[in-house]
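Following this line, the structures themselves.
In the two complexes that follow, subunit A is the common piece, with subunit B as its partner first and subunit C second.
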Partner chain A sequence: MSVWIDILLATLSVALAVRCLTAPTLAQCVFLFFAFGLTLALAWARLGAVDVAIAEAAIGAGFLGVLLIDALRDFAPAKEATVEDAEGYAAGGSAAEGSAAGVPLRAGRAALPLLPLAIAAVVFVLLTAEAVLNVRDGGGLTELAQENLARSGVDHPVTAVLLNYRSYDTWLEVGVVLIALLAIFAVGNGGTFARRDHVTHDPVLEPVSRILAPVLFLIGGFLLFLGKYEPGGAFQAAVLWGAMGILLYLAGWPVMTCLPRVWWQVLLTAGFGVFMLLGLAFMSGGGAWFEYPLAHAGNLILLIETLAALSIAAALTAIFAFFHEMHAPDATETPEK
Partner chain B sequence: MNAMETYQIYLTASAVLFTTGLAGVFMARHFFRRIVATKIMGAGVFLSLVSFAERDALEFADPVPHAMVITGIVVAVSAAAFALALARRIHQLTGEHDFTTDS
Partner chain C sequence: MTDFPTSIWPALLVAVPITFALGTVFFAAAGRMWSGLAGSVATTLVSALAIAAAVREGGLIHHLGGWEPPLGILLRLDPLAAVFIGMTALTGIAVSFYAASYLRSQDDLPRGASLFWPLWLMLWAGLNGMFLSNDLFNLFVAIEVVGISAVGLAVLSGKPPALMAGLRYLLVAITGSMSYLFGVALLFGAYGTLDLTLLSAAVEPGATTVFALVLMTLGLMAKSAFFPLHFWLPPAHGSELPPVSALLSALVVKGSFYILLRLWAEVFGVSLTFAAGQLIGVCGAAAVIWGSWQALNQDRLKLIIAHSSVAQLGYLLMVFPLLILAPGTAVAVASDWTSSAWTAAVYQTLSHAFAKSSLFLAAGVIVIAAGHDCRESLLDLVARRPMTAFAIGLAGISLTGLPPSGGFFAKWMLLKAAIASGQWWWAPAVLAGSFLTAGYVFMILRLAFAPGNSDTENRPVPRGLESAALLLAVASFFIIVPAEAVISFLESSAPFGSAIVPGEGGVLP
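Our next item is the complex of A and B:
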């Protein structure tokens, strides 16, 4: 019985991925991508990876989906239609705005090289069968992780791996988020945000943000603390706090300008910086890089997680706000090619 | 039906997802679709890692691939956000949404 659930989920995720890539409009592509991400989250929950499921649903589908939707404003649907025309979707000029014309005639697809595709498909099926059926039993690192759990300062194995055994990865990951933010600032026009001194009274978003923002903050903090015992932790908390920031920003609160620039810089680098300083401190104390003293491991991990979550949340909010303001009003008048 | 274990089902799906994404990267023209296609490829890789974690489960599933995947998701999303920023900037400056026209 349960096997059928897995087969259904696996089939659904593949089908959604295919539909997502062949969707006639970009908007459909984004929403199918949302659905794909959530299906994948279910699959991961089935595989016993609840942490991964939360992270995927929140960051992979949620945050990226929001960025994609925001990008839709630039890649307007009318322009997409002209491109699809060239690609062989036989959409008439007037069909661009008609949603009923969503059934593309895939005349161009018939020109695909069928023989190479068929050979590739056969090779792929054989390789997959070989890989799935005859993969060697490596045993994995489960045993090792379980043995050392008592010495890690936390009770949840995934958190132990993330913040104790392999804290190096996590440290650099916080750095990657920071670099991504800087790179996005560099690509766009500067890193400044328009000052919004007063709240715009959006009749829906404003009351919703008043109710949801504290709830999001509390659930984020709860997940952060829960990471010690159960699925949860810094990234999941960071995304919830980032969602809070994005919601407040969209509701018109002056999120990006309420703090002086220096404070934002401190907030953004706190996770990476403190993590690194702690690592250096342990090294100067004679230990290895990120070798926590046994007695304080739990508290140190909680401290690092809190700062990392704050930094990542700030970075996510800043990335979204920057994306949002990237859409210049005159961008719609870009020259047609 | 018990001949096939749970991890094998998802492992097969992960291979198909990776290939689907790869095909999408090559066949799609629009920046936007290519970014989504690379995300689907990445999802395939993550799914295979988590499948192996489930195979090696004792009391709990192997936590090391789980941690790698959580890290990977955040890094992949950061990279995708950067790619999206680049695509939007190119579009704003030139009005292009693909690489079909040589300059």
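Our next item is the complex of A and C:
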């Protein structure tokens, strides 16, 4: 029975990926991608990696889906956007011009040498299968991670790996989120924060946000705290809190202006900065970087996770608000520097 | 490897630039410049002290979180890492001062240009982390840090060509990382460790290792712009702000080369064959000829310099076939040329880093002075901008490989290794590359000496810009002076000098 579920999931994810790549309209691409993300999340759950499944569903399908839907508005707002519009847009022409000039459907695609690509894909899949099926069981580090759990300050091996054994990796990954935010500001020609909120309250979203936002906040906090014992943790909580921020922003609450600029800066850097400084503080006491005293390890990890989740959530909200602001048709006021 | 003493220096090499990067976020443009400069000076100081400590002790390690591998991550500052960190620091400090002056004097830049400082310090930390890491997955994270900050820097000029080139660079960088990560997953599944030292002891020949080797090599080659995966580099490096072009061309592509070199010499020896070395060497030779030829045919100075990067990176690939022993060659005999080949790899990396960053900084000066970088902008440069012309001359000579420059030493060692190993067929490629390089360098110099039109613009350029370009050109020339000390320091520890014996791995003669 379970084998059939796995086969179904595997087939479905490949089929959705192919459909997503060949969909004629951008809207279909986006929704197929959304479905693809959810299928992947189910596959992770089937593989027993509930943590990854939550993150995949929340980031891969949820956050990216929202960004993509928001980006859809840029392409031919009045009519159905096609993939060719996007290609014309990317090539520097405006979307409307490209389709008005009667660009033949799939002009860009037809140029691709399909047969060599298909052969290459088949060879790649065969080689991958050969290599993957031949992986002998290296044993991994599961036992070692379990043995040292008592010295890590948490009860869940995944959290122990992420925030104690290999906290340096996790710290740098939190940094990557911050760097990505800075890179996005750089692409957007240097405006940093979207400092202009929606003027009008959205009549549909506002009542929804009154109910959903507290729920998202609570579930996020629950996942964060749960990470100590069960699958869950900072990244998962961050996405829920980020979703809360985006929802409040879209509903018309003054999310980006309720805090002074410097507090946003603190919020965005706190996760990465405090994570590092705590590690350095204990290093100056004679230990190694990121070596926490056992007596306080559990609480320190919870503190670090909370700040990291807050920072990532703030970054996700800021990224969304920034794009939303940049592409808003009535953006007369430029974002503050 | 683990017999080095534990020290906090490796940790500080990553933590210090990041501390300052976070600090710069809180300032407006002017404050960002000062805090960014302070961060550059501090990072350079830490690098100098860390290298001094590494020279004294032979090498340093740091167990992050206090956990031993395979559970934890090991940072190790061995001589090879120390040399690369020194290269980053010297290039970095010169480019930082140039950037401070450049960003302040240019008023047509987008408002986001001051984001240069946090992004560059993050990039610096990522590069240091890459050179220090002894862990496959941590290398991936460092690759991500470097890749994303490099993309952010690449689009800072805000111009459409830079945005398009930046997007293409992002796609290549992500595809390269994914390819690398797939290889890491296969290796971790098969051998249960990510630590390079433990992995090199555990790795066995077989389909999995070969496939991982191919995936990781291709991913890293794409990120280093090695031929034939170089297509993204010229448009990207030709359209960025000058200090960014200098950093990306001099340092970022060297990061993935460093990982490739370490993986081939330390981990993948069992799966490498003589033919694999020849194949990657052919890619290198093709890059040298093709890149130089393309550079010769460009009209814009920045594009000449960018195509020249493709060619100069090709020399680095030609080192690999010389490190892999032909079947039946005794390791003791090979010590004749493996040491030369390693020296060529290190010196080509150093001399290209300094010469190329100098050339990009000089091109930035010319763009400010003349308003563009077409051929006419170079006319009468010797009279108008003697310092910049001198910098271009010195850096060009080093790229060509004329004595007594650092580039000469690198190419000489490469020739010596090729002849000594009996693989004479690399020699014509090295020589042809030098001739073609001389072609475009002398073309630039001929224009620089040619009389200009009286209406050629000559806008004022801040003095510091020219000094930074000249300093790096001088560095590319005079790194030959401490060569003996540098090589004896490098030789004190593997993998420098080791030969790759197919089926066995890296072996020190």
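Here is the rule we go by: the second predicted complex is superposed on the first by the 268 of 337 C-alpha atoms of A that agree within 3 Å, B and C clash if a C-alpha of one lies under 4 Å from a C-alpha of the other, contacts with A are read in each partner's own complex, and residues count from 1 in each chain.
Here, a residue touches a chain if its C-beta (ideal position, glycine included) is under 8 Å from a C-beta of that chain, and two chains touch if they have at least 3 such contacts.
Predicted model, so just to flag it, every value in this text is computed and none were measured.
Report clash or fit for the pair subunit B and subunit C bound to subunit A in the combined superposed model.
Subunit B/subunit C on subunit A - fit side by side.
More residues of subunit A are touched by which partner: subunit B or subunit C?
B
Using the superposition on chain A described above, determine whether A:Met276 touches subunit B (first), subunit C (second), both, or neither.
After superposing on A, A:Met276 lies in contact with subunit C but is clear of subunit B.
Should A:Tyr168 be classified as contacting the first partner (subunit B), the second (subunit C), both, or neither?
After superposing on A, A:Tyr168 lies in contact with subunit C but is clear of subunit B.
With the two complexes superposed on chain A, say which partner A:Val122 touches: subunit B (first), subunit C (second), both, or neither.
After superposition on chain A, A:Val122 lies in contact with neither partner.
Touch check for A:Phe36: first (subunit B), second (subunit C), both, or neither?
A:Phe36: touches subunit B, not subunit C.
Looking at A:Ala288, would you say it contacts subunit B, subunit C, both, or neither? Reply first, second, both or neither.
Second partner only, subunit C.
Should A:Ala49 be classified as contacting the first partner (subunit B), the second (subunit C), both, or neither?
first
Would you check which partner chain A:Leu26 touches, where first means subunit B only, second means subunit C only, and both and neither mean what they say?
A:Leu26 sits against subunit B, while subunit C stays out of touch.
For A:Leu218, decide between first (touching subunit B), second (touching subunit C), both and neither.
After superposition on chain A, A:Leu218 lies in contact with neither partner.
After lining up the shared chain so the two structures overlap, which partner does A:Val132 touch, if you call subunit B first and subunit C second: first, second, both or neither?
Both partners, subunit B and subunit C.
What is the minimum C-alpha distance, in Å, between subunit B and subunit C after the two complexes are superposed on chain A?
5
Can you list the residues of subunit A that touch subunit B in one structure and subunit C in the other?
127-128, 131-132, 135, 137-141, 145, 165-166, 169, 173, 176, 179-180, 183, 187-188, 337
Per the contact definition, I'd like the list of subunit C residues that touch subunit A in the complex.
6, 8, 11, 15, 18-19, 22, 25-26, 28-29, 62-67, 70-73, 110-115, 118-119, 122, 126, 129, 137-138, 141-142, 144-145, 148-149, 151-153, 155-156, 158, 160, 163, 166, 186, 188-193, 202, 206-208, 210-212
Under the touch definition given earlier, write down the residues of subunit A that touch subunit B in their complex.
2-4, 6-7, 10-11, 13-14, 17-18, 20-21, 26, 29-30, 33, 36-37, 40, 43-44, 46-49, 51-52, 55-56, 59-60, 63-64, 67-68, 71, 74-75, 79-80, 83, 86-87, 124, 127-128, 131-133, 135, 137-143, 145-146, 157-158, 160-162, 165-166, 169-170, 173, 176-177, 179-180, 183-184, 187-188, 235, 312, 319, 322-323, 326-328, 331, 334-337
Which residues of subunit B touch subunit A once you look at their complex with the stated criterion?
Subunit B reaches subunit A through residues 1-2, 4, 6-13, 15-17, 19-21, 23-24, 27-33, 36-37, 39-40, 43, 46-47, 50-71, 73-82, 84-89, 91-98, 100-101.
Mind pulling up the subunit A residues that touch subunit C in the complex?
Listed in rising order, the residues are 92, 127-128, 130-132, 134-141, 144-145, 148, 164-169, 172-173, 175-176, 179-180, 182-183, 185-192, 262, 265, 268-269, 272-273, 276-277, 280, 283, 287-292, 337.
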